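Here come two complexes built around chain A, the first alongside chain B, the second alongside chain C.
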Partner chain A sequence: MTLIVRSESLTPARTTVWLEGRLDAATFGDLDSALRDITPMVDNGGTLVIDLSRLEYISSAGLRSLAQLRKQMHDRDGRTLLLNPQPQVKKVFEIVKAVPVAEVFASVAELDQYLDHMQRQITG
Partner chain B sequence: MVLRSVASRLALAVLLGSAIVLIVTGGLLLTHTREQTLRQTEREAAAIAGSAANRIQARIDGVAKVDQVLAGLLSTRREQAPAIIHDILQANPEIGDISAAFIPRDHSALREEDAPVARRKPDGGIIMGSRLSDPEPYWSSPWFIRGLNCDNGCWQPPFRSTERNETLVGYSMAIPGKNLPVIGVADATISLGWLQKLLGELTKPEHASAFVLDANGEFLAHDWESYIGTRGSRPLLAAVAANRNPVRITPEEGGRVSEPVWIYFVPIKGTRWIFGLNMPERQVLADLRHTYMVDILLGVLALAGVSLITLVVTRRLMAPLGVLAERAENVSRGDLDFALPVVRRNDEVGRLTRAFDQMRHQLAGHIDTAKRTAREQERMASELEIARQIQLALIPEAHWLADDGRLELHAALRPASAVGGDLYTYFALGARHVCVMVGDVSDKGIPAALFMARTITLARTIATHARSPSDILGSLNRELCKGNDTCMFVTLLCGVIETETGLLALASAGHEQPVLHAGGSAILVDVETGPALGLDREARYPVRVLTLLGGDTVLMYTDGVSEAHAGDQKLYGAHALLDSVSRIEEGATPETFVEHVLSDVDAYVEGAAAYDDIALLALTWHDTSAEGARLDAAVHS
Partner chain C sequence: MRLCIPNRLEDVFLALDRAELTLDLADIDHACRADVRLVLEELLVNTVRHGYPDGREGRIDIHLEIHADIVRLELRDDAEAFDPLQHEPPELPGDIAHREVGGLGLHLARSIASEFEYARDPHGNRVVIRFDPSLSDEPSL
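And then the complex of A and B:
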């Protein structure tokens, strides 16, 4: 089983990455190398959305990759938000809390609402 | 075997291929040449027959002209007939005899002068006579009647003269009269002996025989003299009648021949005779057969030559390949140190030789690299083995029984590779407390092992001054967050048990829920988890307190147990684990718990190599004092 990484940059401020398959010790290297190409395209202070709807499994090695990604984005004042994990993956996030549970969203609407809220906080 | 060599096989293939080509083209050539030869022979025969026919025609035309002149003379000079025919016979040596036969004026008074005849004697002299001395009356004999009707002259059928012992043929022409249309017949007879002689004088191909056939189908002359006067065979006459020229006649068809022959014939103008040339097919084709045999022989010689040249040339071309093949066998034996022939050619062999040389050097390089890599790996393996022993030295004994006998622990650690990121540890905190930990570092292998070593070392140091698992996890987390750019983390379940009371305080940093085996059943203990250690400096860890009763066992484990699987198999899961634990009899030792769960997990993956590290720790509290009420409380730090 492999990992497929796709990405789309609609605006410099927001890039979406789709993960499909398994993210574990055998595949996190693929994600890391793919993200090395993707993250520079996100503006400082931008948002990287990781769509997990087709991710079937995540191991601790995979969590570490995501945590490291979040840290890198954070160092650039950016945000890493996780979208729509499958139940078994969501459970791992909830137990290990490698990324704050508040940054995991069940749907795009929920995520957009969160981003709106954040922007209002900054501008307001 | 000779055919092992490519050169011999090529030469043989060329030989076979050319032989097939030779046989096919030879066959076509034979057919073609046969036709050509037959046509050529036909042309030759036609030329011979034509010239022979012309010669015959010239001869008999002469006779006819003489007779025509004679008829003209006699129409006015009947009285001088004997003298005229005598003189004409004298002037024309080819003529045998000449008759001037007039219709008798009075049958009762026949006169010698009515039918004078001049005959040539065998010695050349001329003797005069009369037709009246013929055995039958000349005026009623067929030749005379026929002659009266030949206004323009015509040839009589040949006849055999017994007295002269030769075949004769006469040319007759009606003698026109002054008042009557016809008064008699002028007849010149020639011997056919000249015809026979002419046939013999013809320049004919060897074995060919010539003949002349009259209108009745009888041979007037024939090279085979016994055939003279006999009838031609049925197929010959049929061919002549149908003008099928040339015609092939075989003994089987009824031909009067001993072998198949070709007959070419030409009609002789002015007569109804046919001149024919008979050629035995065997002779016609003899040259052809000879030529063909010579051609085949030359072809075979050419084939042998071509094969030989192919063999020699291929041998020369392939010689370097033979050496290369030997060298390749050297390579297969592992010998890379040898000389290669110097090939300056730029063809395939040259390229192959150079490529082979290059390959040999590269192969030697690869083998060196492989050897170095193997040594490196060996070194790595031995280093890993040492690392593994160091790692194992970091964790306490698998079995521990407290001095007072109340607390018994048993643990197992099974890294998936030489070293791993799972850990367990336990140590006393003062006199009345014992701290137990089971953890799992993100990822596997050496980075995980190093992080595990850091965690386990820090934990012992930090925990010395703490009594709450919440504090222990908090301090440990802050230490592990320092300089952790790679975001390694460890999930850790930490328990502190008061040995006297069995009071167990639990805190979890993102770790699996422990299993409690109490009163014959197994349940998951719901411990609210905080973030895994090493990620969030501000993290807090709530505490859950359990009061263990005598014989209760708490099982702490890593996801190597709960997520065990082989290939695409479903994960082992918490339910299977609970099921496994619940089947353990009450009062079993922690060692039994550990071994039972491990064997169930092993059975589930059916001996497949472990996918993840496994750490498993069973803690049993033996209460020898009175039964106490189970106290269960959650204290949030």
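And then the complex of A and C:
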């Protein structure tokens, strides 16, 4: 099984990346290379949503790719939010305390609500 | 399942697929299969990447036994001496973006295995790992 990476930018402020398959020492390079094309399309201060609904498996090699991505987005005042991690991925995230729980969402509705809330805080 | 592979990444991934198939055919549940795959990947990739700094050809033996209540994995290699149990647990600040990369793979392997033993003998490194399938449940996150 390989890794499939798809992305969609509805607005320059928000891009979604869908991961499907396994993110491991054999496939992390595919994600890194896809992200090199995707992240420049996100505005500074924008949001990158990683949809993990169809990611079956992650290992430390995959965590390194996600860590680099989060660092890059932080450096540009942006956010990386994670959507719907599956059991194995959740377990790995939990063991290494990969991301703040507040930045992981079970559904698109939850995530939209969070972004609306953040937007309202900014616009006051 | 008994496999002997050369110290190459592509062979590691063939071994991972073989191990997963073996567990699947023995009706080991999905969560435990994923645990075994993860521990195997972390340990074997580490051995292949760091165990042979002189670039020589090496060999890794993988022995996977499935019993009623335990999955036992034994790895032997002729790499540099390396005891995965001697490494300090990494710092986990709560966001992977705020830490140095590295050290997470061994931490994952040790956290997921029910039992983990290491020995060095004249043939090389020997690691024995046991998995309890009844403990491979879903996390509470």
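Everything that follows uses one rule, which is that the second predicted complex is superposed on the first by the 124 of 124 C-alpha atoms of A that agree within 3 Å, B and C clash if a C-alpha of one lies under 4 Å from a C-alpha of the other, contacts with A are read in each partner's own complex, and residues count from 1 in each chain.
One rule holds for everything that comes next: contacts are C-beta pairs under 8 Å (C-beta built on N, C-alpha and C of every residue); 3 or more make two chains touch, one makes a residue touch a chain.
On a predicted model such as this, the values are computed, not experimentally measured, just so you know.
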Combined model on chain A: chain C and chain B, fit or clash: clash
Touched partner set for A:63, first chain B, second chain C, both or neither: both
First (chain B), second (chain C), both or neither touched by A:90: second
Touching partner for A:100 - first (chain B), second (chain C), both, neither: both
First, second, both or neither for A:9, with chain B first and chain C second: neither
Per-residue touch tally on chain A - higher for chain B or for chain C: C
First, second, both or neither for A:71, with chain B first and chain C second: both
Touching partner for A:25 - first (chain B), second (chain C), both, neither: both
Set intersection of chain A contacts, chain C complex versus chain B complex: 25, 59-61, 63-64, 67-68, 70-71, 94-98, 100
Touching residues on chain A, where the partner in the complex is chain B: 1, 25, 28, 59-61, 63-64, 67-68, 70-71, 94-98, 100
Parts of chain C lying in touch with chain A, wherever the complex brings them together: 9, 12-13, 31, 34, 37-38, 41-42, 45, 90, 92-97, 99, 101, 104-105, 107-108, 111-112, 138-141
Contacting residues of chain B [partner chain A, same complex]: 440-444, 485-489, 491, 510-512, 529-532, 535-536, 539, 559, 568, 612
Partner chain C, residues of chain A touching it in the complex: 24-26, 56-57, 59-61, 63-64, 66-68, 70-71, 74, 80, 85, 87-88, 90-101, 104
